[in-house]
Amino acid sequence: MAGMLLSEAEKTFILRGAESNFRVDGRKRLDYRPMELETDVVSHASGSARLRLANTDVLVGVKTEIDTPFPGRPNEGKLEFFVDCSANATPAFEGRGGEELGTEISNSLSRAYQSSYAFDLSTLCILPGQQCWKLYIDILILECGGNLFDAVSLAVKAALHNTRVPLVTAAAMDGAQVELHLSDDPFESKRLDVSGVPCLVTLCKIGDHCLVDPTAEEEVCSTASIVLAVSENAFITSVFKAGVGSFLPQTLHETFKEGQEIGIELNEALKAALEREEKEREDNEKSPAIQRYGFLK
Amino acid sequence: MDLISDQGLRLDGRRPNELRKIRCKLGVFNQPDGSAYLEQGNTKVLAAVYGPHEIRGSRTKALHDQALINCQYSMATFSTGERKRRPRGDRKSIEMSIHLRQALQAVIKTELYARSQIDIFVEVLQADGGNYCTCVNAATLALIDAGIPITEYMVACTASLANGETPLVDISHLEETSGGPNLTVAAMPMSGQIVLLEMSQRFHLDHLDKVMKHALRGCQEIKAVLDKAVRDHVASAGAACNWEFKTD
Amino acid sequence: MPVDSRRIQGPDSSVPFMLYSSREKKDYKTVKSEVFKKGLRKDGRKWDQHRKVYLKTSVVTQAKGSAFIEQNNTKVICSVFDPREIPRKSDYSVNGELYCEFKYAPFSCLTRRGHQQDAEEKEFSLILRRALEPAVCRHEFPNFQVDIYALVLQDDGSALSAAITCASLALADASVPMYDLVASVTLGVHDDLKFLDPTAEETILCNTSPRTLQNHGTIVFSYSASQQQISEYAQTGAMNLDCITSAIDILTRACDDIYPLSQQCLVKSVAKSVKKKKKREEKLNRERAILADENEPPTNE
Amino acid sequence: MPESDSSEMICIPGQRLCLADKEHIPGCGTYERHGYIYSSLAGIVNVTKNDKKRTIEVHCCNDQSIVPVPGDIVTAKVTIVNQRFLKCVIKCIRDTVLSRPYRAILRKEDVRATEKDKVEMYKSFRPGDIILARVLPMTDAHCYQISTAENELGVAIAHSEAGIPMIPISWTEMQCPKTYVKELRKVAKIIPENSLSDNTKSVRG
Amino acid sequence: MDAQYKVIDPVKFYRDHLAHKIRPDGRGLLKFRPAVINVDSIGTADGSAIVKIGNTTVVCGVKLELGVPKPEESNIGWLVPNVTLPPLCSPRFHPGPPSDEAQVASNMLAEILSNASVLDLRALCVVPERLAWAVYLDAVCLNHDGSILDACVVAAVAALRTVRLPRVEHDADKDITKVFPDERSSLPITGAPIPTTHAIFEDEVILVDPTSDEESLASGLVTITVQNDQMCSVYKPGGSPLADENMQACLSRARTRAIQMNNLIEAALAARDKEETKDQKLIS
C-alpha cells in the first residue's frame, strides 16, 4: 500500500519471522487471520456481502439488469466487475486515486471468472441473441489492511451466493421487440450456481518463503507474489504474478502446491460459513426481528 | 399520492414529526484517525476523518492561518435503486462535497491547525432520502472520534410539507421524490444557529416558519441521539482505562 | 458512447461481416478434430513445436531501441525510448519505472479493434510490464520512466508472448541496463491436448470448454534463462495442479530454446553496429578534413 | 575470457563475464551477482588495468540510455531567464546525445564561484544560448540543478541580435563578428576541440 | 562530435550541409528516398499494404464491416480513413488521444481520397437505407521520419486495391443478411492520387521528400497531390512564401514522382499475384 513506511530493522524483523515460521502477529506462514462475513447487508442490491479480514474491509453488492448479449456470444449473459477504492481506506484514493488499483483487482477477477467452468454465463441467458441478464458486481473497498485480492474474491463469491435473480414469467414478442415480464414476488427468484466460482489465494514471497494472507507491512517487504484462483474442486482458473520480483521454477512449483491446498480449504470454509449463516437466518425467520449487524457490530 | 393517510400517518407509518430510527457507531475502522457509521432508517453512511496532517499534493493550497478542510462525498454504485455508473466525480457529488465542507468548516476549530489539512470522506452505502443530512451527522461523529476540536455538534435534518399544510420531518426517498418541497437545514442546535439552508420547490412564505421549526426540532432530536452515542462510546473506550464517569 | 471528435467516425454501429457468413458453423467436435489430427496440428507442427521465430533489432530509427518479431502470422513491433521524467509524480522513487503499452493495430485481429486501449489491452500492458520489470536494472534511472510500446500488426495467437520477447530485445537494443534478457512462450491447453505457441484458432479452442470438468486455458510464461528466473506466469482457464506442473516444465524448456535466438540476434546487431560505427568514424574524419579546409578562408576574414 | 583486451568481445545482458574477486571489479555496464560479474548491456567488453586491479566495463555501440548523475558535465540550451534563475533543457550528457531532453535549473548563486552576490542573470545568459554546466547533487525531486561555477563552464555558443554566432572576447563578453556589438555573457573557457577529441578517444580506449 | 553538433545547433548544422548541396543523409537537395511497397502482407486485414519511403514506414490495413447508411445519404456506403501516429513511431508522441499532427493527417488523407474520388461510395451500398459496407482504413505509422502523408496516401491506395468485397444478400422483409465470403470481387478503384512533400529551408532552399529533422527545421512545407497527370490538391500550411516558378518546378517534380509511385504500386500488385513474396518478412 502506498505511504507505508518501514525501517530496515522492521523489514528484517518481518523477514526473520517468515524464515522461522513465526510471523509478527504470531501466525504461521500458511495461517489466515480471522474473518467476519455477513451477507445480504445492502437492501438495494440483489445480493450483497461484507467481509472483514482483520483490517481489510470489503463490501460487495450485486445488481442485475437486462441487456442484449454480445453479437458473437448470443447464448451468454454478461458479468461486469467494478472496484471502487473508497477514500475512507486511505486519502491516496481520493478522487481518481484508487482507479489503478481498482482496475487491477477487477481485471484479475474477470480473468478468474473467464472460464465457463468458473462461472457459466449461459445461465444468465433469457432469450438467445436478444435478452440476457447482466450482473454488475460492485466492490467497495473500505479499508486496506493487506491481502485485498483474497478478501475481495471471498466477498464476491459470498455475494453471488446471496444473489437472487428475478424469475422471468413471460415474454411477449412484438416484432423485433421483446417484452419481458418479471415476477414481482421477491421469493420467486433464481439462485446462482457458485460451485465453480474460485477464490483467490495470494502467496507472498518474503525472502525464500511464501506466506499467505500478508498484512500490509508484509506486503511492503515482499518483492513478488503469485495470485492463484482456486475453485472448490482443486481447479486453478487463473494465475498471475504481482509485484516486481521473479521466481525460480522450483519455488513456483512449491507455491502452486501450497496455494492449491489452501484454496480448497478456503472454499470449504466459506461454504460452511455461508450455509451456517443461511440456517441461522431460517431459524430466525420465525422470530419477528431479524438481526443484521452490518457496521454496528 | 397522499403523503399522509387519513389516520395522519406517513407512508412508512411514521407520525409527521417523527424521525426515522437512528443507529450509529463510532470508531468502526482502525486506519483512519476517526470513523463513524450512521444509519437513519434505510440511509446508511460511513464517514472517515484523516488529519490534521501535512498538506497533500501542492503546497500552495495551504492556508497560513487555518487548516484546510477537504471533503469528499461518494456514493457506492449499488447504493441507489438504479445502479450508479460512477461513485463520485459527477456534478451532484461535487456539489455535495462543497456543501459538506461549508457546513463542517463552521464548527471545526480550524485556527488551531494552520498550514495543515483535515480530510473528511463520506461514503453512502445505501441511499433512502436525506443523504446529505446523514453525511453531515456521520461526519460530525467521525470528527469527534478523531478528537478534532469542534465548537459544538453540527447536525442536519430535512423537512417537507405534505398536502400543502402538514410539515413532515426527516423525509424518506419516496417522500423526497413525490413532489413536495424539500428543506435541508444544517444547524448548530446548542447555539441555535443555522449554517446551511437549502430548499427545492416553492411553497408559500407563510409555511416557512412552520417547516423551519420542525426541521430545527428534528436537529435537536438528532443531536440528543448522537450525544448519547458519543457518551456511550467514550464511556466504553474509557472503561478499558479505568476512567471514572459520572453519568450526567 | 461519447463521440471521438479527434478521429474520423464511421457508422454508429457496424458488425464484422463474418457474423452473417453463409458458411455453416462447425460444431465443437469437428473443430477439435480439425485442429489436431493424427498428432499433428493444422500447420503441420507437432504439439511441442514452436513456430519459427524471426527477430530483428533497430527497425524503428526514430526510437532509441526497437525490435520486430515474426512467428509465422503473428507479427509484433516494439520500440523503447530514453528515460523521461515521470509525469504527475511528486515524490522521489528510488527505482525507475517501466511504462508499457500493448496495442493491437485496428486490422490485426479477426474482428476490428478500436483505436483506444480496451480492457484486454490494458491487462496485457500490465502483464508485459510485470514480465519485464524483474529483468531491468531500474535503480540506474531513479525517478524516471522508460517507455515501452508494443504494437501487434497481425495476431495469429501468442501475440503477448511475442511482444514480451520482442520488448526485451528492444530494451537491450536501446542500451537500457538489464540483468538478463526475457524470453516468453504461450501454452494452450485443451483437455489432454497441449499446444505450444498456439495459433489464433487453437487459442479459441483452448478458451472454450464444454461443461464437463477438464483442463483448458492458456498460459503466458516468461523466463530469463541465464538467471533461471520466471518473471511472469499468467494463466486463464481452468487447470489442475498436475497439468500446471507439467506445463511449467514444458514452458521452461521452450523458453530455453527461444532465449538463444534473442541472444544471437542481439550479438549480430552489436557486431553490425560496431562495424557501422567504425565506417562512420572513418567517413566523418574524412568529411571533417574537407569541411575544415573549406571553412578556413571565411574564418580568416 | 576478457583477458585479451586487444580483441573486441561482444557481450549481451545476462552474460557471465568473469568471477568477481579482489582483482576483478565490476565497472559500468555490469553488475555482480552470486560472486560473478555479469553484463547488463549489449556491447563490447572493456578491461582497464590499474595496479593489480582490473575494472570490467561494457561499452555499448550506440548511446546508452542514461540520466544525468551529479557531477556530470552536460550541454544545455537556455529556455527561460529571470532575475533569480534560468531554466534550460539538457541536450547532451558528457558525450552522449539525448533523444529526449531533461529539464534543469541554474540558480543565480551557482553561476560563478566568486562574487556570487553580484551576479546578474541577464548579464550572464540569454534564452537560446548553449551552455556547459555541471550537475549538482539532487535536492528537488522534480528538476536537476546545475552549476557553471568553473572557468571551463558557461556559455559555449551564443547568437547576436543579427542571428550570428558570437566570438568570446573576454570571460564576460562576446562580440558579433558582423555588427561588432558586444554582449555580456558568462563565457566558458573552451578547450580546443583537438585535445577534447583526443581525450574522448583515450576514454574509449 | 557530429551528433552533438546536430543537437546543439541544428540550424547551423543544416546550413553547413546545404551550402554544399548535400543533405545530412547523403542525398542531393532534389533527390527522393528509395520507396518500397509491399501488398497483402497482413492476413487478418481484408486488404493491406506496407509502404517504406526511406526510414518512414506506414502499414495500412482495411477492415470490412456492415452497417446502416447515413440517413441523409442513404445510397452510399462508408469509407473511414484514419491515420494513427502511435507513440511507438517517434519520441514526439505520447500515449493518449491522437496528436494534432495525426488529426491533420487523418483529415488530409480523407480529403485526398474523396477529392480524387478514389472509391465510388455508391458501390458500397447494399440496400439503400438498410445496409451498406463500412470500409475502415487505418494507416498506422511505424517509423516517423518525415513525409508521412506521402506514405499514408500511397499505402491507402495500394491497400484499397487489394480489398476483395464479398457478395451480400439482404432480405429487407425478414431483416436477414447473408454474406458469401467465398464469392468476392475487387473494389471499384479509380485512379491513384500521389502526394509529394517539399520542405522550404530558410525561405529559399527547396528540399524534396524531407526527413523528420528537416520537417521540424523547415520554414515551410508544401504537399502537392497529383492524380493522372492532374493536380488534385495542394496543401501549404503557411510558412515561407513560395515563388510561382518554384511552385511550377515542384508541380512537375510531383508529376514525375506520381508516375514512379504508380509504377511501384502496379509492380507490387503484380508481384503479389505471382506469389513471389510469400516467404518475405514484413520488416526485413
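So that you can tell them apart, the chains are marked A, B, C, D and E in the order they are listed, and the count of residues begins at 1 in each.
As a working rule, a residue touches a chain if its C-beta (ideal position, glycine included) is under 8 Å from a C-beta of that chain, and two chains touch if they have at least 3 such contacts.
Here the structure is a predicted model, which is why all the values come from computation and not from measurement.
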{"item": "Intersection of the contact lists for subunit C and subunit E", "value": "D"}
{"item": "Steps in the shortest chain-to-chain touch route ending at subunit C and beginning at subunit B", "value": "2"}
{"item": "Steps in the shortest chain-to-chain touch route ending at subunit D and beginning at subunit C", "value": "1"}
{"item": "Winner on C-beta contact pairs when A-B is weighed against D-E", "value": "A-B"}
{"item": "By mean Cα position, the chain sitting nearest the middle", "value": "C"}
{"item": "Distance between chain centroids, defined by C-alpha means - subunit B, subunit D (Å)", "value": "60"}
{"item": "Rounded Å distance between subunit D and subunit E, as computed from the means of their C-alpha atoms", "value": "41"}
{"item": "Whole-Å gap between the CA centroids of subunit A and subunit C", "value": "31"}
{"item": "Junction residues of subunit A - those touching two or more other chains", "value": "none"}
{"item": "Where subunit D touches two or more other chains at once, by residue number", "value": "63, 98-100"}
{"item": "All pairs of touching chains, each written as two labels joined by a dash", "value": "A-B, A-C, C-D, C-E, D-E"}
{"item": "List of subunit E residues in touch with subunit D within their complex", "value": "1, 3-4, 6-9, 12, 91"}
{"item": "Interfacial residue positions of subunit A with respect to subunit B in the complex", "value": "42-45, 48, 55, 57, 59, 61-63, 65, 82, 84, 86-91, 94-96, 136, 138, 140, 142-145, 294-296"}
{"item": "Sites on subunit C touched by subunit D in the complex", "value": "64-65, 80-85, 90-92, 135, 137, 140-144, 146, 172-181, 224-227, 263, 266-267, 269-271, 273-274, 277"}
{"item": "Interface residues, subunit D side, partner subunit C - complex", "value": "8, 10, 12-16, 29, 31, 33, 38, 40-44, 60-67, 98-100, 102-103, 141-142"}
{"item": "Partner subunit E, residues of subunit C touching it in the complex", "value": "6-18, 20-23, 54, 56, 59-64, 68, 70, 73, 75, 77-79, 81-82, 99, 101, 103, 105-110, 112, 115, 147, 149-151, 153-156, 284, 291"}
